[in-house]
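Labels for the chains are A, B, C and D, by order of writing; each one numbers its residues from 1.
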Amino acid sequence: MITTENLCVSYNGRTVLRDATIEAKPGSILGLVGPSGCGKSSFLAALNRLTEIIPGASVSGRIQFDGQDIDTAFPSSVELRRHIGMIFQKPNPFAMSIRRNLELPLREHGIHDRQHLGQICESVLRDVGLWDEVSTRLDQSALNLSGGQQQRLCIARAIAIKPQVLLMDEPCSSLDPMSAERVEQLIDSMRGQYTILIVTHNLAQARRLSDQITIFWTEDGVGRIIEQGDTETVFNETSNAIVDSYLTGRKG
Amino acid sequence: MRSDQSLTIITRALAVISAAIVLLIVLFLLRESTPALRQLGWSRFFTDASWHPLSGQFNLTPMIVATLVTSSGAIVIAAPLGIGSAVFVNFYAPRRLAAWHRRLIELLAGIPSVVFGLWGLVVLAPIIATFGGSGQNLLTATIVLGLMVLPTVALLSDTAIAALPREWIQGAAALGMGRSAIVGWIVLPGARRGIGGGIILALTRALGETMAVLMLAGNIVEMPSSLLSPGRTLNANIALELGYASAGHRSVLFVSGLMLMLVVSVIVLFVSRREGTRRDG
Amino acid sequence: MKSIIATSSLFLLCLTLVGCTSSPSTQSGSSELSGQLTLTGSSTVAPLATEIAKRFEQQHPKVRIDVQTGGSGKGIADVRLGVADIGMASRPLAADEADLTAHRIAADGVGLIVHDSNPIKELSQEQIIAIYTDKINNWKEVGGEDKEITVVHKAEGRATLEVFLKHFGIENPSVKGDVIVGENEHAVKTVAGTEGAIGYVSIGTAEADIESGVRIRLLPLDAVKANTENVASGAFPMSRPLNLVTANSPSPLASTFIQFCQSADVHDLVKSQYFVPITSESAVAK
Amino acid sequence: MDSGPATSRAIEVRHHWREFCVAVAVWVAATSVICVLIWILADIAIRGLAEVNFGFLIEDVQDAGRVGGIGPIILSTGLILLVCLVVAVPLSFGTAIALTERLDKESWFARNVRRSLDVLAGVPSIVFGLFGNAFFAIALGLGYSILSGGLTLACMVLPILIRTSEQAIRAVPAEYRYAAAALGMKRTTILFRVVLPVAMPALAAGVVLSIGRALAETAALIFTSGYVARTPESLLDSGRSLSVHIYDLAMNVPGGGSKAYATACVLVVLLLAINAATALLLRLAGLHNRSTTGGSL
């Protein structure tokens, strides 16, 4: 579904990620793990060109979407981001009502019919298991929701525009354990419908969720990929000593 | 601890002095305008036939209208340009250009009003005069006033926009929203309080501006019939007439100063109260 | 801790000092002529008074004379309030100003000015009144081009305004102006920037401006050319005295200064400011 | 995808249009503002710069300003600013310290002081002129003098100065105070030894900013410090500030135009220098990191 070749990211001329080559299979969950500052988040941001709005960031290398170069498949970033959604570490609903949070991106993508908008809202809220909790207060501010609810709303907002790929940047790390578990269950239930790339620091979560796993590591301040493969294979029989000590908690 | 106490006492005393200045101003305005108010009452300032203080006619209404027209007109000019500038430096300008743009706007904020007045009189008025008349009218004054208060709107909007959480903008971008949609749906609504505050502050600046308006507005005391008709603001009236005013007339001018002060205080207090309740929003 | 108290009390000290130095700003001079004089008032007289004051100070180094402008009315008001020792007024004193004394130092004419592209040659008394009272609105009606007339008028209290109104016998409330200005140069700039404009300013300043290439033209009045010679000879009808105004008992220093202003020693200065010197006989005018 | 590819194409075209129009509007707004600024500055420079030279800056005002320089004007302006700052700086630093003494929440006292300062900030400059004329010049008997003008300006810049000082003090990280307090230092010591030194560049920037505001003021000075264009001998003498000189030359003196523009050039250059100084001081204080957020979307 999405592949990269020799992807490099640098900020103001300082390279933070070098030669990242991955392949995310359609409908699968790809876990991205590694110690802090090894370029995982930069890698995600490069995939939906969010690096464009980060001052000083530049990206080189190749990214393909469905076998096609993303620059030719989606000349505009707007169109690209419509197909590749993103969930952030900190839930970031807009300071407006729950309903408006969901409808705004939909309207932006040309859906104006009231009834249709209502249907989509309900169905995505059901998909993320939020409908029963918020159906009576759709017009209240989204900021009044708990952290976990906010994060699920953000996921609902992202899937409302029906992307094929979802990028998740540590979606559970700022949530309390109960909410984190809810969100993790939700992500697990989305397997097969979306291609998901998830950055996480929680190795147990990565092992539970991901089909494939990619391990990043920092060398001389530059991040790069040191291991990738099917999750269970990597966890059980890696030949890389660093990876092994990282996965078993002795390093990183 | 003695020194701590004396510090508190001294600084508080200084704070009281600072705060008392505004009361002192009101007190003196009241004192100086009492003779006129006692002799004429309030109503004559609105019901007299016209403003001819030497002939005993004291209608301030046309000047109040001219003051409000020029100030609100200035906001109509300054708000879109100022907000546009703020959006420009935050979302459209290349980084180097943004820094320069900010610096130039700050410079614009520092240009003295007499210089604006001079430029308006010598450069702008002859251009406006092609619509007829001398070019010294409410339109010219409004345009120059708009330019003068524009930096206030631009700089405060800039601050408000820059203070927005980066996550909102990233989140909106990640949802595939275009740049204009992010600005229109997320940024401007999110920063509306800061932008609104900037506009209100600009309004008080416009209400308080004297010299440039005096040089440009034509200074006729008459109910303006269009933007192209000349008019005199309360400020310009004080500056024009205080110099030669004799006792009674001087007192009337203090009344118009008092009125100006009242209008501005009401606006400022309204805003500060609104800001006080900001946390509920 | 001590340093803090010291610093804070220093601040307070500064404040008190600043608040207390409110001694009166003028002291009248004694026989050896020292002290300070404050002149305020007419913006027409001020440049002349400044030049005379400079010469006076050169002769009496211990004397200091401050000259401020703001209009004749301000000069009169300031003398009454005691803010100024001498007021400057470019008009005779009015009836309700009898508590003061006027000392005439020069004369000036008030002339009508139009844009220099305006072909109009002369306006009659009636035409001017009609223009200023909004009965005539187009140059066509007085024999000029088809162009709207922009009437430039002065703010109440300016001496030129009073001279003008008195000469033409118009009540100020009946005047319908298009622009009201405070200062002479504002009037000149407005007329120079507007082809259809008419205004009135001190002939002295108008001549100075014309000399430096400003696009205005003085109109003759009652067939008398508006220039300083005709003001000097008394031929120009709309003229005014330039007065120094004092309370009835001026200080010795003020008296000496006024005498100096009226002496022949300063005629060159009066002429250099485009005004007309007066002969010493008519020195004290009311 | 509910909306088919055909409509999706149409939406994209519409988006492009909208992006284009908004971008054009924003660029036009920003460019036109800058163009007008350049227009004004160029106009002043063309008409006045030729007259500016070192002699102009120090020579006496002669023939009502038509000849000579602006030496006394610069001196008067400096003295007015000096009076203004000598009064305003201690007052506002003291007030700012009083307003920031409780960092957690606003006391009744602070709220009302701040409210009255907000009103003061909105007072029109001509009203300051009225007040200064009635209070300093007449009631206190200072007459038209540098002292009257400086004190009036002090009242005028007070709100800005207090606001910037307050921000400067608040910008000092609370950890510094905690660390100092944990070492058993007194509040006064913490303030003078820890907080104020750190806040100093930002405090100075506030002072510089107020100087800029005071320099630009005309209306409040005409009726307080007066018009006298000569070298003042004491603070009780009247003195003409640069902006009043510009107004007087342009509006009162036939043939004073070029000198008026020359004075305007001097004033604008001064203000430029002040702007640069503020930016530098704020950068030293680490407050001006906004430029890092600039960028494109």
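To be clear about the criterion, a contact is a pair of C-beta atoms (placed from the backbone, for glycine too) under 8 Å apart; a residue touches a chain by one contact, two chains touch by 3 or more.
Just so we're on the same page, UniProt names per chain: A = Phosphate transport system ATP-binding protein; C = Phosphate transport system substrate-binding protein.
Remember, it's a predicted structure, so these values are computed and weren't measured experimentally.
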* Pair of chains whose C-beta contact count is the highest in the structure -> B-D
* Asked: Which whole number of Å gives the spacing of the CA centres of chain C and chain D?
  -> 34
* Structure fact -> In whole angstrom, the CA-centroid distance of chain B from chain D equals 15
* Let me have the rounded angstrom distance from the C-alpha centre of chain A over to the C-alpha centre of chain B, please. => 48
* How many angstrom lie between the CA centroids of chain A and chain C, rounded to a whole number? -> 79
* **Sequence positions of chain C contacting 2 or more other chains** => 1, 4, 8, 11, 70, 182, 186, 189
* Multi-chain contact sites of chain B, meaning residues that touch two or more partners -> 3, 7, 10, 14, 95, 121-122, 169, 173, 178, 181, 215, 239, 242-243
* Structure fact -> Among all residues of chain D, those touching at least two other chains are 15, 90-91, 94, 186, 188, 222, 250-251, 293-297
* Asked: What topology does the chain contact graph adopt: line, ring, star, complete, or other?
  -> other
* Asked: Using the touch rule from the top of the page, what pairs of chains touch, sorted by label?
  -> A-B, A-D, B-C, B-D, C-D
* To do: Show which residues of chain B lie in contact with chain C when the two form their complex.
  => 2-3, 6-7, 10, 14, 50, 52-55, 57, 121-122, 125-126, 129, 132-136, 214-215, 218-221, 230, 232, 239-247, 250
* **Partner chain D, residues of chain C touching it in the complex** => 1, 3-4, 8, 11, 14-15, 18-19, 21-26, 38, 40, 43, 46-47, 50-51, 64, 66-70, 81, 83, 182-186, 188-189, 205-206, 208-209, 211-212, 214, 272
* Asked: In their shared complex, at which residues does chain A touch chain B?
  -> 48, 50, 53, 55, 77-82, 85-86, 88, 90, 92-96, 104-105, 108-109, 154, 157-158, 161, 167
* Asked: Which chain A residues qualify as touching chain D in the complex?
  -> 52-56, 76, 78-79, 109-111, 116, 120, 162
* Footprint of chain B on chain C - complex, ascending -> 1, 4-5, 8, 11-12, 70-77, 80, 148, 150, 152, 155-158, 171-173, 177-182, 186, 189-190, 193-194, 197
